[in-house]
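Since the structure comes first, as structure tokens, the remarks are kept for the end.
Letters A, B, C, D and E mark the chains as written, and numbering starts fresh at 1 in each.
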């Protein structure tokens, strides 16, 4: 370098390290520091509080670990590597942190719900039997009416929301000019719509149907409309994001083949974005399938099986879980067991949706190999 | 099967920015025309106005006429989709459809336009197009694999195969070989030679040798400075451009020692 | 400021697929080495093993050694980040950071290591790097505009400016000029000429003329067929490769009339 | 070579073929869908305004229905605005806590899945997080009561003991666990999947070119993320966060079940009696018992939540556009022919 | 269907005590849409089951999630055939009902229960509290279980420990009935008006629904709350000292309360049976915190068909048999025969 010609290097030299291995913490250092902080924190906590709380322990272990590895790496390696290690620690903690509630909810629901969940519970309509001699009413657990109600109400809401949502997203991404006022208004309002409390959506739908069909407006369909108000913005938003991720080059390639815009959108853009769109739709379904307040308001309540979405009350699994929890019979334990049973069934249902969506997404996903 | 193109005093704008100014030229059917010129002078921009592809960029618009066999591409009632079906295009960067197999990529133009094509016809078309793009031997045993798994050069040849599979009347190519190695480039150049008996071909290239080898006529574009519009400086038989250019700027540019 | 590179019997895999097999070569410091060969023969793949960039592709791994001034890049405890700081890279497709201004793009690498670079130093560095990439005149009055707004050729030169701004010891270039017009290409070639007095430069190119103009030594890679690994066929002084190649395949390739 | 399958040259002029009609129909359909959203939203807004107006304009001190609405100060509320104030604060405060706890974690998880987890298990991990999205909100409500409330009690005592000098952690510490902290944690868990899965998709879509650009400059993994992934994903992250925020603001039942509310302005997060009530939960709790005028008041508060959503969105949008010069670029990929 | 085995006809054919009979018509078909008070929920479920055992063709949908207010609102809009409500129609609601029901809406007491004071103090299974102590505890004036006032009520000291009061966070008839009692009997220790929302603020744990209160009292320590007696499950409830006697909740004691303390408070519509409690009439045999809930329906229905269904069902509820079903399955107290007879008379006039 010192022997360089008169052609000075074009830029000033930074003090880049010349070696390739300078300041490396050994590979085992991360697990070691982690274990160390776990032990130290456990000890300190025990001395300070004379008790042991797993949450507090995990939390402070993470903090001590991050500080420790950060400082250690700053000293031995450099600031950049320290940042890198700390961020990795943070990201992994975030993930573990999220696993805890997931496992906890699932375990809770499964443990609590498994007690009542069996084929009978799924395939029978919940009901009562009455013994005229003892005057005793016995409740027979059953969720069939709620399963059917869930499928009908959510199904209709999905059938309405998904096309509207996806078409709107298409309008926003594929058709509207950036400064089109309608586009601006809709992007904005869709965000606002995500903040509508679910109960207000229920009130809106019920008022609307009261205007149309008169006072006895309770029906599965009006509940579906309420759910649409909640679902559409989620579908629009996630679809919009996914459509924007489709590279423009693909659209151009298609246009250049003389493919009309509509076909390009359907067969190239949607196809490329399909997996993300499906994920968004499933998220939206999961979001609405657990709603209770709008269902009460718009579809009222029943224990009976009702297959007609356009008339009379309907029950859903979420409502069943909620009512059994909130308005138990005199046998509180049995009611709560039913509530958890319905909740477990609901989770299973959504997981099934999710699986189907996954399969669809995998089939449609862009492939590189 | 091929058409003449006549451009009259064309200005191209991106919003308010005039990118290309006052281009007039005539392109004969069954000929190869090369566009050369420094980066940013508006070659791609102008090329895209020949099949109205510039319209997909918000705010891009033209003033002036482009006549194909006398029909104004910008006349009232003209459907850009139909224009593009007759004026095919190959881009600078390869852009195969990531969701499709190699075979489906080649057939995309036919299939997306809802043409029903029998399996044997389809196979024939795929083979012919891929052979034309000199890709057949490399991919014949993995036609059902995704097109995105190919190397850059292979992808570009796949895109060329896709464009010629719909048998357009005019073929626009925007630096089609810039990502290709000499062997593929050679194949494409031969292909152009072949195609020109049926198609009108317009090619943008940075490669002077390529321009002189493949084209009948050459157009040299230049730009006075940043923010200034690109202009057609000289348009003539390729031989004349490379040996006896009329304009000093052209001579400066083509006499560079690069290739 | 530049280093020698020694490659010993290197195999590169994508998962189980052997993409490049048994490459051994020595690259002298302060020299320009060109890699040529047909598309898909593994030039890019091999080039990326010289700064461990192949590792960002899941499943990609190597067998064998790459020594830089005797230090094994794949030795235990070697940090790929440090490797890449010393072995810069310019890609086939321009890839400026789309959210950054032109200036910030140039400074991106420098800011990683040295957050507190003074404004005047930064301005100097930006100017020098952009001048080095022959882009200064075109962008001097819009340094704060986004880099993605430039034309393809301009973007590529911006990427070169960004790479040389961190003053690496070795500079790898994967077809840096394939998207550039002759004027920019010429500038880059001159730049390479200049830089080689300080850096070790490795360049992949499809342009035979370019290889013969800029490089001291040339490596010819070839591939026996699809699915077969790419191999280093011949590695010699550029002059020898282009005039008296030892291997028939090399001769076939370089004697093509293209360039 | 191609003339075997070549069609005869079609005319350039637009013939009124089916396909072009399809194009128009498709544009019509998507525009109609977009407009239908406006209609729905206008419907909801008009509904809220018509139903809420009587209570918003009423004199609360003298109205027989409104003057009995409970006020911790034991006097009738002076006006709708006095009543809605603490509720607004409660909604914003609980959503803030949820976002504070949830959003960074959500983005962290998304990053973990997209850029840290080994490729092989990343898909499985993504699925695991989607599972979280599969848990309906009613289940989170029940879970919150049963698991989170008791779980947070020791932490609450700990925080109060050592950090009680901070206003947030002031006592008296709850003995039942129905704190806004518990509600916030449950809300945070509820927004996790929605924020995570959208940001994850976007992170995964970062062009490899940009990532390689950073890596080739000698960036560490985090620097690569900071240079190429985060800027690319910024507007998507904001959208995802806004979706999560919308969910947090509008969540009804879980909050109603978990938090022990009061109509007061409070920042305490560890108490039973000093948790600011949220609008959505307040509606759910009081709607059943309310008469028409009281319902009007509740719907009026719903209208205010609507307004808050407006405000938050405007704020977020201006933040994004202020910090991201290139945002419109990505947004404007859509074009017209 | 063999009418002779059904409880309704059993009740009418078997002259036990002076039973109030109803005639259940097994041939009816249709759907009754109703809802409101959640206090009635369990009783309604039992009534529905018992009624359906005789009348198979009638579907009864009682929406307990609506609450009393929701029930009344839906009734007034015409959506419900009858509403269940813990308080009778207010004056303006009565006016409103006139446009729907010709003469107006009728309030018929159909459900009687008591508000139980539930607690969870480790080691304590029996608790006696005077009205004043209850008021002071719930008004946060007594904050420890070892308070002398509590000791005095019980005769022995309870283990010391802080008291956490648990109240309803949602508006409810239970709160209304409880505060009715406190406001009427403890004006000094309970300075708040009766209301359906809990007036005390401060260190109170407010929970959604009777089940929320019950759960929280159960899962906490040193907790005390109030809930509809039928919903308290296995929790202990306090005996309330009235006139020197500690009276635990019992259906008989509540029926007695209704018998001695309920005074008619008609809304002016002919046949209306709204009631009010005069707490000054409480005796040492009465459980002092009663909870009464009404069925509200139109004097004249829009549809005679619907009227027939609804009246038939409500008349079953208002029979001795109906009340026994509720007592047996929902733990409620049977209404006295006198009021049931009035109810049958009113129902007979409905068209």
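One rule holds for everything that comes next: a residue touches a chain if its C-beta (ideal position, glycine included) is under 8 Å from a C-beta of that chain, and two chains touch if they have at least 3 such contacts.
If you want to know which protein each chain is, UniProt gives these names: A = Phosphate transport system permease protein PstA; B, C = Phosphate ABC transporter ATP-binding protein; D = Phosphate transport system permease protein.
On a predicted model such as this, the values are computed, not experimentally measured, just so you know.
Asker: Within the chain touch network, how many edges lie on the shortest path between chain D and chain E?
Answerer: Each step joins two touching chains, and the minimum needed here is 1.
Asker: Any chains in contact with both chain B and chain D?
Answerer: Per touch definition, common to chain B and chain D: A, C.
Asker: Centre to centre, by mean C-alpha position, how many angstrom separate chain A and chain B?
Answerer: One centre to the other, that is 46 Å.
Asker: Averaged over CA atoms, how far is the centre of chain C from the centre of chain D? Could you give it in whole Å?
Answerer: About 46 Å, centre to centre.
Asker: Quick one: chain B and chain E, Cα centre-to-centre, how many Å?
Answerer: Between these chains, centre-to-centre, one finds 84 Å.
Asker: How many angstrom lie between the CA centroids of chain A and chain D, rounded to a whole number?
Answerer: Using C-alpha averages as centres, the distance is 12 Å.
Asker: Send over the residues of chain A in touch with two or more other chains.
Answerer: Expected reply: 80-81, 177-178, 255, 260-261, 263, 292, 322, 325.
Asker: Which chain D residues touch at least two other chains?
Answerer: Residues 19-20, 23, 220, 223, 284, 287, 330, 332, 334-337 of chain D touch two or more partner chains.
Asker: Enumerate the residues of chain E that touch no fewer than two other chains.
Answerer: 38, 65-66, 208, 212
Asker: Under the stated contact criterion, what part of chain B meets chain A in this complex?
Answerer: 51, 53, 56, 58, 81-86, 88-89, 91, 93, 95-99, 108-109, 112-114, 145-146, 148-149, 159, 162-163, 166, 168
Asker: For the complex, give me every residue of chain E touching chain A.
Answerer: Spelled out, the residues of chain E in touch with chain A are 5-7, 10, 31, 33, 35, 38, 41-42, 45-46, 48-50, 52-53, 59, 61-66, 74, 77-79, 208-212, 214, 230-231, 233-234, 321, 324-325, 328-331.
Asker: Taking the complex as given, what residues does chain B use to touch chain C?
Answerer: Contacts found on chain B: 37-40, 92-93, 137-139, 141-142, 150-154, 175, 178-186, 189, 206-210, 226, 253, 256-259.
Asker: Which of the residues in chain A end up touching chain D in this complex?
Answerer: Chain A residues touching chain D: 49, 51, 53, 55-56, 80-81, 83-84, 87-88, 90-95, 97-99, 101-102, 104-106, 108-109, 112, 163-165, 167-168, 170-178, 182-183, 185-186, 188-201, 203-204, 207-208, 228-229, 232-234, 236-238, 240-242, 244-245, 248, 255, 260-263, 265-266, 276, 279-280, 282-283, 286-287, 289-293, 318, 321-322, 325, 339-340, 343, 346-347, 350-351, 353-354, 358.
Asker: Which of the residues in chain D come into contact with chain E in the complex?
Answerer: 64, 68-70, 72, 74, 145, 149-150, 172, 174-176, 178, 256-257, 260-262, 264, 271-273, 284-292, 294-295
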